[in-house]
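Chain nomenclature is as follows: A, B, C and D, assigned in order of appearance, with residue numbering initiated at 1 for each chain independently.
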Amino acid sequence: MKRIGMLTSGGDCQALNAAMRGVVKCLANSGEEIEIYGFLDGYRGLIYGNFRMLGEHDFSGILTKGGTILGSSRTPFKTIKDPDENGLDKVDAMKQNYYKLQLDCMVILGGNGTHKTANLLREEGLNIITLPKTIDNDLWGTDMTFGFQSAVDIATDCIDCIHTTASSHGRVFIVEVMGHKVGWLTLNAGMAGGADIILIPEISYDIDKVVDAIKQRHEKGKRFTILAVAEGAISKEDAKLSKKEYKKKLENYKYPSVSYEVADRISQMTGQEVRVTVPGHTQRGGSPCPYDRVFASRLGSEAGRLILEGEYGFMVGYKNREIVKVPLEDVAGKLKMLSPEASIVQEAKSLGISFGD
Amino acid sequence: MKRIGMLTSGGDCQALNAAMRGVVKCLANSGEEIEIYGFLDGYRGLIYGNFRMLGEHDFSGILTKGGTILGSSRTPFKTIKDPDENGLDKVDAMKQNYYKLQLDCMVILGGNGTHKTANLLREEGLNIITLPKTIDNDLWGTDMTFGFQSAVDIATDCIDCIHTTASSHGRVFIVEVMGHKVGWLTLNAGMAGGADIILIPEISYDIDKVVDAIKQRHEKGKRFTILAVAEGAISKEDAKLSKKEYKKKLENYKYPSVSYEVADRISQMTGQEVRVTVPGHTQRGGSPCPYDRVFASRLGSEAGRLILEGEYGFMVGYKNREIVKVPLEDVAGKLKMLSPEASIVQEAKSLGISFGD
Amino acid sequence: MKRIGMLTSGGDCQALNAAMRGVVKCLANSGEEIEIYGFLDGYRGLIYGNFRMLGEHDFSGILTKGGTILGSSRTPFKTIKDPDENGLDKVDAMKQNYYKLQLDCMVILGGNGTHKTANLLREEGLNIITLPKTIDNDLWGTDMTFGFQSAVDIATDCIDCIHTTASSHGRVFIVEVMGHKVGWLTLNAGMAGGADIILIPEISYDIDKVVDAIKQRHEKGKRFTILAVAEGAISKEDAKLSKKEYKKKLENYKYPSVSYEVADRISQMTGQEVRVTVPGHTQRGGSPCPYDRVFASRLGSEAGRLILEGEYGFMVGYKNREIVKVPLEDVAGKLKMLSPEASIVQEAKSLGISFGD
Amino acid sequence: MKRIGMLTSGGDCQALNAAMRGVVKCLANSGEEIEIYGFLDGYRGLIYGNFRMLGEHDFSGILTKGGTILGSSRTPFKTIKDPDENGLDKVDAMKQNYYKLQLDCMVILGGNGTHKTANLLREEGLNIITLPKTIDNDLWGTDMTFGFQSAVDIATDCIDCIHTTASSHGRVFIVEVMGHKVGWLTLNAGMAGGADIILIPEISYDIDKVVDAIKQRHEKGKRFTILAVAEGAISKEDAKLSKKEYKKKLENYKYPSVSYEVADRISQMTGQEVRVTVPGHTQRGGSPCPYDRVFASRLGSEAGRLILEGEYGFMVGYKNREIVKVPLEDVAGKLKMLSPEASIVQEAKSLGISFGD
């Protein structure tokens, strides 16, 4: 008999349900008797002992369903060791709930922040298995995270739609793609949507070069230019600021987001109208794409196998087309950045895409 | 032999190409010899004599293509009688180009503004046939405009995506749908997407009632609330302002758009986080939906028939499931508003949707 | 207090759940106390008293869900008055279950066959409200049925996909679209997908004219031809057969379906390879399109209103863009055929589409 | 100055245009002067000297376009060395056309058969670069082929649609997925669509075990079962036949395809109705999915780079998330089968999917 706790933490994304279904189906088909404790709304559920007992049927029919049947919330790692507003020690509370329910392990689905807390719980002696969830694809130790490809699909759809209207009207359009710290999503959606200019956090841009690229298109007789701009795109000047200075700049920012500043500067420098579209949270909603469904199911299935074998302390990841286990301590606190030298960036440049660098 | 001019004016939308293809296919299949003059970028092309000769093959394969192969631009009716920056009389220039090319008629695709100018040209003696293009579905004299259903599909997709993330996180989400003056698009996308609250220009809202609706959902145990808010949604207080006063308010507006004000007020009154998503121009991009392809093709085909019969001065519209011709003078300058008493509004209310009124 | 029975009968289609949700939401929001008895698997549930009590929450979140939460089955009208294999009088059994549960009315969702039985139950004294469900759009008394537009979307997607491969390979392709008796779906999907030839039951085809149309395209330099063929397409010779003779022909048919015969004959007469694609049941599956969601919700809402007002014996239909009530006796047993003279057919012909007639 | 020939051969698939655009954009952006000779309809164009000169603009806007702008055809490797019906030596003709046009290299996009001929041309001394195109993902030497993920998406959509109707009606449904020799596509679409049973060529099935799996679902209270069956699925008995015997069986086959035999046998053994859906050629049509657009663009870009560096005789493939060059002689004539021991198969089994083995 295995008692498994489960929670989803951080911003939700596609295929969370598919992944959990994978874990539970694997366990249920193993012959092992199991009890599933679904903690609600992320770590908060584990802290306050808020859970539902779930049966195999709760995971039936959710393969294609977006969101998470457990709910999610953000519980910043920064303050995880601080007591809550009633003085409760959150880490201690999680441990107590874990032991009180005599859990064999916790399955935790989340992104970077989630993994830091998961690793902390591991250090505290809990049996932890994690699954790499994020549309950002920025988790260290895995080639891919689920949610990413679904988000690429949605952001690309958005650029496709903008393409037709851009070509009718001959304007400059910006599509702002999610990604504060990394540019995987913007780069892939930009390439898939045929964006002409892609601005990402890893490659700071020079607005003069951006404007040059627009002008060169114009000279070639192209009526329009489309930019895919990551939420965290940064200019070369801003990149020189200290973290603190840049934060201060953003606090007094007159723009709703970075894309609007880019739009404003292009508009001033070229005299052209620039339109900004922000698909925002749609990028992590809706039914997971087939790629993510298969991928998350596979990860979930392997997580189930690790549990059956009593192997804890790992994130289930993906390396060279195989599902692998990665020690949690190696994952926690590390970002998988996109290198400006990565071959995909070079290939994008060969295709004529400007990064403004 | 028929010499046909053609132009698309105003914001582009889906199925413009399908409609033009319909006109040309109908003419080409009639046995009548034809010459097609495609004026580029809306009325501007007709004013400055900027056109391309087009053959039947130019209209082949464009049924499913978004945008317009002729390009489009906005040429405000307000200033159409004013000379351009070089002193050119624009109306006169259009007439001269029409006569110089010995056109039998102009086929003009556009929305409200476009129809005012089209009617002016008719009054000036030109043979005009128009086709009702707009995602807003606000053209007088026709039950439906092409672009509308495609835009409903895109805005609904957006709400669908938000639905999953809203249910995971239990927040209030606003999706801002296009429509400054009329609410057809927001109402239909809102109903299709299962929005809980729909705010449209025709029914001014009381923020207290909006907040009440959110609270009632909360009391029923619903974790989240989704609002579909038209760009032109207006509060009861603002609706009391004179047009001039309201315009002034918007000029000094601290929000990027009305939705953000709604979000801010809900947030202040409920203490809940409110997220705004703005699909923006995506709503008029991309491939037309099958409904619009059929509809626009039918309209185009009937426009072709009218041309063959030498019947000019009409918009080709849709009434009670039949394609009809509507005198241009009846269409120009009128908006088809959504009545707060319309049965669809009553049905929406029966479904539990709040309009904040 | 109202006690409402509900069942879905016949082949399922999109938006059945949306329609039922509409009924229940309307009733629940009216303040009237209600009890919903959901009979399972069509009339079978009513015959054998197989039902589930349903609450408002059962209808929450199903707006976008394909299929029917009640299950469905076919119960042929032909044999409804015959006793079942255990000698049970089916009509009597339905009445008994209705009265035993003290139902105020039955809400019945279905197509043509379903309406005949529904009308029979009305004649037997039961209070009946029906909703027009069918992808065929062939119900008399309503301009539109839900499921139709969703099916058009799927069949059109299919033709779109075939279009690219047809243009690469320069072959003749047939897409077989659902519709044994009527051609609405094939005609609309065919027009939306840009099919070159459309064969429907209402317009019997001459294979020589079909082949001529293919040859003419070839002579014009077109590499490929796409046919949208309804399941019930019929040649002029076969149309001359008596019903009995034609039935006999189909019994000894060497082809899986009519499309394959068309393919075979074209292939023999032109020497060209002809490929057949049969999307089949996919055409009634999947999430309803936004149009159907709105439409079915509106119909459901009005059905709820009729129940509240105690008005029974009607199908809720759609006429001239308004939701209307149509006496059941007028609907039962009648098909809404597509007239070969209908303006949409003429428009299609103007576009160059051949019907092989 | 580089003179580049280009052709697409074999069954078309998604992203062929994206890949060619990648090659041309890379070359055009390199500063090198180029001439592109597009041979029409596969090797046939090269044999008969049928080509078009193409400029960069011909490759603009085709990233999202399905099919191939060059057309394609099948030219069986088996008979490539045989003279054509007029006695023309085909290999010799290709060489002559290559030299006559003073080509620097041929870029050839295709699948297995195509690669055999491409390698033959390499052996004959031509400079060849190939790109791995096939929805089957069965090319040796690359982890992935373009077209595959797009086909997975379409086949999965199909299973999704069937899912709703299956759950309404409680039947057994078979979706026949493309793949005569390998099961990658069926396995991935089956897993993504939540199929209960997956039959693929690599794992021959025992019909008793298939029926057992259906019965077990029934006993668990599941109303329906969905099978994803590859075109080349084979029973354990048939797998024992010699290739010749099996071919003979298929020649006298009374079923349109293997799925219908599976359906028939299940139907006979369980008494349940079984429906077969065959999405067929739709699986390789339509716009490429974002994954394939990025992937094909990257491959094309690297092919361009190889050409610039004068490195010939390679297929551009994908290994461990990097674009690599693979010697053509290693690729030609080898299939990348799915091993029954592959971890993805084991994971699928853990999820409860039966392979009938």
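The rule is simple: a residue touches a chain if its C-beta (ideal position, glycine included) is under 8 Å from a C-beta of that chain, and two chains touch if they have at least 3 such contacts.
All values derive from a computational prediction rather than experimental measurement.
With steps allowed only between chains in touch, the distance from chain A over to chain C comes to 2. Between A-B and the choices C-D, B-C or A-D, the pair with more than half the same contact pairs by residue number is C-D.
Mean C-alpha positions place chain B and chain C at a centre distance of 31 Å.
Measuring from the averaged C-alpha position of chain C to that of chain D gives a distance of 35 Å. Separating the centre of chain B from that of chain D, both taken as means of CA atoms, is a distance of 42 Å. Contacts with at least two other chains are made by residues 160 of chain C.
Viewed as a contact network, the protein chains form a single closed ring in which every chain touches exactly two others. Those residues of chain B whose C-beta lies close enough to touch chain C in the complex are 22, 25-26, 28-30, 63-64, 143, 149, 152-153, 156, 160, 188-189, 191-194, 289-291, 293-294, 297-298, 301-302, 304-305, 320-323, 343-344, 347-348, 350-352.
Within the complex formed with chain A, the chain B residues making contact are 8, 11-12, 14, 16, 41, 65-68, 71-73, 154, 157-158, 160-165, 167-170, 173, 223, 256, 275-287.
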